[in-house]
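As written, the chains take the letters A, B, C, D and E, and residue 1 is the first residue of each chain.
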Amino acid sequence: MIEALQFDFMRNALLAGLLISVACGIVGTFVVTKRIVFLSGSIAHAAYGGIGLGYFLGFNPLLGAFAFSLAAAVGMSAIQRRARERSDTLIGALWAIGMAVGIILIDLSGGYKADLMSYLFGSILMIPQEDLWLLLALDLGIMLLVWLFYKELVALSFDETFSTVQNIPVGKIHTLLVTMTALTVVMMMRMVGLIMVIALLTMPAAISGQFAKSLKKMMVLASILGALFILSGLWLSYWLNLTSGACIILVAGVSYLASLAIKNLI
Amino acid sequence: MIEALQFDFMRNALLAGLLISVACGIVGTFVVTKRIVFLSGSIAHAAYGGIGLGYFLGFNPLLGAFAFSLAAAVGMSAIQRRARERSDTLIGALWAIGMAVGIILIDLSGGYKADLMSYLFGSILMIPQEDLWLLLALDLGIMLLVWLFYKELVALSFDETFSTVQNIPVGKIHTLLVTMTALTVVMMMRMVGLIMVIALLTMPAAISGQFAKSLKKMMVLASILGALFILSGLWLSYWLNLTSGACIILVAGVSYLASLAIKNLI
Amino acid sequence: MKGKVAGLFLFFSLIIFVLLSPIAGWASQEEKLLVAASILPQRYFIERIADQKVQIEIMVPPGANPATYEPKPSQLVSLSRASLYFAIGVPFEKAYLGRFFQINKNMVVVDTSEGISKIPISSIHDLTNGENGKSHGHEHSQGELDPHIWLSPRLVKIQAQNIQRALSSADPQNTKSYQKNLKRFLKELDELDEEIRGKLSETKGKKFMVFHPSWGYFARDYGLDMIPIEVEGSEPSAAELAKIISIAQKEKIRIIITQPEFPSRSAKVIAQEVGCRVVPISPLAPNWRENLLLLGDTLAEALKDNSREETKP
Amino acid sequence: MKQKVISLKGVWAGYGNNNVIEDINFSVKKGDFVGIIGPNGGGKSTLLKVILGLITPYKGEVKVMGLPPEEGREFVGWVPQESDMDRDFPIKVLDVVLMGRMGRKKLLRSYSKEDKNKASEALEMVGLQNIAQKPIGEISLGQRQRVYIARALAKDPEILLLDEPLASVDPNTSEVIYGLLKDLNESSAITIVMVTHDVGAVSSYVKSVGCLNRKLYYYDEKTLTQGMIDAAYHCPVDLIAHGVPHRVLPKINQEETKR
Amino acid sequence: MKQKVISLKGVWAGYGNNNVIEDINFSVKKGDFVGIIGPNGGGKSTLLKVILGLITPYKGEVKVMGLPPEEGREFVGWVPQESDMDRDFPIKVLDVVLMGRMGRKKLLRSYSKEDKNKASEALEMVGLQNIAQKPIGEISLGQRQRVYIARALAKDPEILLLDEPLASVDPNTSEVIYGLLKDLNESSAITIVMVTHDVGAVSSYVKSVGCLNRKLYYYDEKTLTQGMIDAAYHCPVDLIAHGVPHRVLPKINQEETKR
């Protein structure tokens, strides 16, 4: 492994892994406790609508994906609060509609399409240096927001009606949470691929949730676990020459299943 | 539209639409009320693991996808009941692990790979005649199972602890429900594509759930709505020369949003 | 508490296991020139010219799906050390070349399509010319150029020269050898061109269908007419499918060439309506020469059948 | 001697590794009407869950109708203190009550006319016949609690386990339902175990009483006194068990000598 | 005259197009202790939700501390009859109580030492100091209800709206908490509106009483009588309103003449 560190891409991957695990640990804790894992998968596919829009109107599709995901997240959060609809139904609808809009817009804009999805997906081994700064900014942004609105975020996730009565700006905090999730998903998806984002959002937080008794501890433990998974997954992938993303996910997955087994045996 | 009916593929598409909307209406009603929409998205991706396994061990990848999805569904249902884990976390993990296993197995199996993902996705216009019989069998199977176990399925979805105390075989019924969902998703995904499966599972059932006050009515209404969406979507797609799947989803999506608006205005 | 300890134990044992594992041997250095390229047929071209003197890394396996595509560590290790990247202009490069360049900024990207004048990619709209009110398709398709330049022996000659030039400037000691190999390869290409021409001499002007319009240059070179099913990269819509079926019936299409990388459901649907054969032939096959010959044979046979049945001249 | 319909021997139970009830020895005979009182967190709901087989005890033996609880619960009607049910579920009050008619025996069969009649009757007993067709999500908490009672009654059970069944029910209806329970107990010999904080009801309706606070103090006759209540609510259990003098103990002794 | 802290004028409210409470005219002055009784489904919880601004009335005007309810609830501590809270959430009892200290004013600031002290005190008041560090999902229902009370008390409210706060709380603790409420009301002039089915408590602690059954019958002094209760629970509202003779009306009159 030491020899692997001579390569820039490996060093970047390790660094990126550390940065990613912080964001995923924090956001993932909310995602798991507020039960919006599905949202992360959905945002990614809704982003496709943005790519279509970018193509159709002739601006950068990635920008479109970004804007569309955020808009979808905010819109969904508004509808959910207004209509009191089951959130997973709404998220499923968002997923399908986002993709459909994308497909139709791309249809309409004509021209030969390269595989547009490839704009959305990346690999941890191919993270450009600049993106590391972006990741750092994301981490700092998330940490700042969570630090500033920690008690409101907790209250909202725990008991929405009571939060309303306490005059917490529930709508805004909800939007903040969903936006933070969407931002993390869209940015990371581009860097490490969608499946890995979902894996890193859910599994470290779920494992740490089995042992941590408070949200703060859960976040810290989830971040540490995420970093461990990424490091050992990278190791494994280098050693066995297998796809890194899949290795990282498998390490996380095996640990998650093991933690479930352990929790049930004791 | 009439002129379109001279083509076999169009006739097949219409027939398939009717058959699909029945299965989706019935299964979708449970999916929406039991809040397992995410499961449908996840099963589809977990199926990728089965494709990898098929490649690796040298049997038909589609068979692998089928077996893997069902195994994943049953396994997940068992873990969830044993470990009392938040279901969406578990489903997210299933999604990621399934994909990762698939990627690694395909990595390991070497040789020439087709685009395996595209094996999983189809289009309603390209349903072979034989598949219509399969769909019919699925419809009949689902109707029979739901008819036989209707009250148990309802009780389980409504109140699991009480169902246990009533000595309903909760584990088996839960597995039945999840398996039925997985079967529907995997079969339809291959025929009409994943996004359309998710759209047809959620949106007709969600709309009908806003008006129907009982599960049975919800199923019937959802099936009718599904058929309407498919017919009008197909017609629209023929008329405007757009991708059929996306049109169907958009019709369903617009109707869904409209129904939310109507429900909130009255 | 017990759980926490057990959990941590698990992770650490995993890490220690990995740490103690033998370091892999695949990353061993060789003193050969390392070059990277996008697709498998390029390996054939480079090998013909470099003849064991370079190590080649192909970045995209056929059928790679953007949702799951991820290079392996070994590929990136090679890429980090590569001196040259032979780009060919496939859409994949648009999304990934930038990222590859990030990994190895010293790598020289060689555009092997230099000097080739590409033709517009053919589309179903070329045949129907916007009679359906969807006129934009035609306009746009003029801008889109066909990237499948590796499927014409004549164009490969130009690419081969580009490859030789780049190899020579990166590795001047072996220039002589590269030039010699190029000469031999160009001769082989001429022979191949002749061979295929011979096979297809009686099928001039005949039409065949393909799913993905990969064989545009091939068809042009050998006087065939290719009708694609795919419309600008996506599956045809209902109306388009109907139109394609009518065309196929009118033109008495006898064969549809599909790609094994992609399922050919729409091809099967059309074949069912028209009653013709569906033959999968990959444009990305690694044994490039045999693959082109196979296509030549297949088309010759299918289209000859066709001509025999036709009564009109 | 009458048949023992519930019997617990040396039962220890709890959640995870947190032991909640200790060494419970408790048996209920056919036709009994047992009231169980005790402080919040004393383990009353846990005890009922053990009897229903929802919690497997760490130690000890549980029998219901002479069977293991998983089978014995066939004959038990249960009113939970709080329910897992999904309030957004599109189901009518009457259909919820109908679920009380369901059991392993009737897999594959749909509800009969008789089932429906029983459900309607049960709903009438708790005074909710007028909201039978309302969706379950649109009724008040007290009404919902009455629906649970109806659901348990619809089962035609041999044993009723009630976990604070009337906590949010209005006093007039409460009285009707208490009367109903008394009637069921006396005329149909249905065995009833009721957890409650309503000490008044305990004195008026039940035949025997148990105080649960980690351990169970069971009085086989109806001998509820202020002293006993105080003892169960206030005393460190050991004090009582070891007979150490205590403010309220004399009262208990007084009462016990009466027996 | 004392300040009106809650005032409802001609309020009609309900869910969707199902009207639940009609023409409510109701005002509470600073320092009042109002008990609200009524049958299940009478609309008591709905009334509290209207006062909290959780339900927008169809008609009529609601003021809390002279403000619209969305702002006035700043000063209100609320104990819900049932809570939306997520029991699987990893949070300790003390942290739940701390949430009572949160409000719009304190956005961006984290809990101060004072907040934490208040929360601990509130927890002590309801007798739960020993389970402060337990996860919220691992306590009994009665304990949870006491946590809600503590959460409302921690807010230091001007007004307490309690919706059957002691329904599952054991009688000893209930008495302590009733005493506490009485004390808060008398010494700190905190206004209390309590919905309850505990008629005994109404007679012993509250100062005035309202009977709600679609309409509100409000008695500005503490004049709860069996007759009034019967009237609210049993009578078709119109009968009472129009003074038509009725089984229980004479009793009310009897009692009222005593005043």
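The rule is simple: contacts are C-beta pairs under 8 Å (C-beta built on N, C-alpha and C of every residue); 3 or more make two chains touch, one makes a residue touch a chain.
For clarity, every value in this text was computed on a predicted model and none was experimentally measured.
Steps from subunit C to subunit E, minimised over paths through touching chains, total 2. In terms of C-beta pairs in contact, A-C outnumbers the other of B-C and A-C. Taking each chain's centre as the mean of its C-alpha atoms, subunit C lies 74 Å from subunit D. One simple way to say how far apart two chains are is to compare their mean CA positions; for subunit A and subunit C this gives 34 Å. With centres taken as mean Cα positions, subunit E sits 28 Å from subunit D. As a whole-number value, the distance joining the C-alpha centres of subunit B and subunit D reads 42 Å. The multi-chain contact residues of subunit C, meaning those touching 2 or more other chains, are 65, 67-68, 70, 72, 234, 237.
For subunit A, residues that reach two or more other chains under the stated contact definition are 86, 103, 107-108, 195, 242-243, 245-246, 263, 266. Shown for subunit D are the residues that touch two or more other chains, namely 88. On the subunit B side of its complex with subunit C, the touching residues are 4, 7-10, 13, 48, 99, 102-103, 107, 112-119, 122-123, 125-126, 128-129, 234, 237-239, 241-244. Interface residues of subunit A, counted against subunit B in their complex, comprise 32, 35-38, 40-42, 45, 79, 82-83, 85-86, 88-89, 91-93, 95-97, 99-101, 103-104, 107-108, 195-196, 198-199, 201-203, 205-206, 242-243, 245-247, 249-250, 252-253, 256-257, 260, 263-264.
Across the complex, subunit E is touched by residues 33, 148-152, 154-155, 157-169, 209, 212-215, 218 of subunit A.
Touching subunit E in their complex are the following residues of subunit D: 15, 18, 37-42, 45, 81-82, 131, 138-143, 146, 164, 167-174, 197, 199, 229-230, 233-234. Those residues of subunit C that touch subunit B in the shared complex are 61-65, 67-68, 70, 72, 132-134, 234-242, 245, 260-263, 265-266, 268-269, 272-273, 282.
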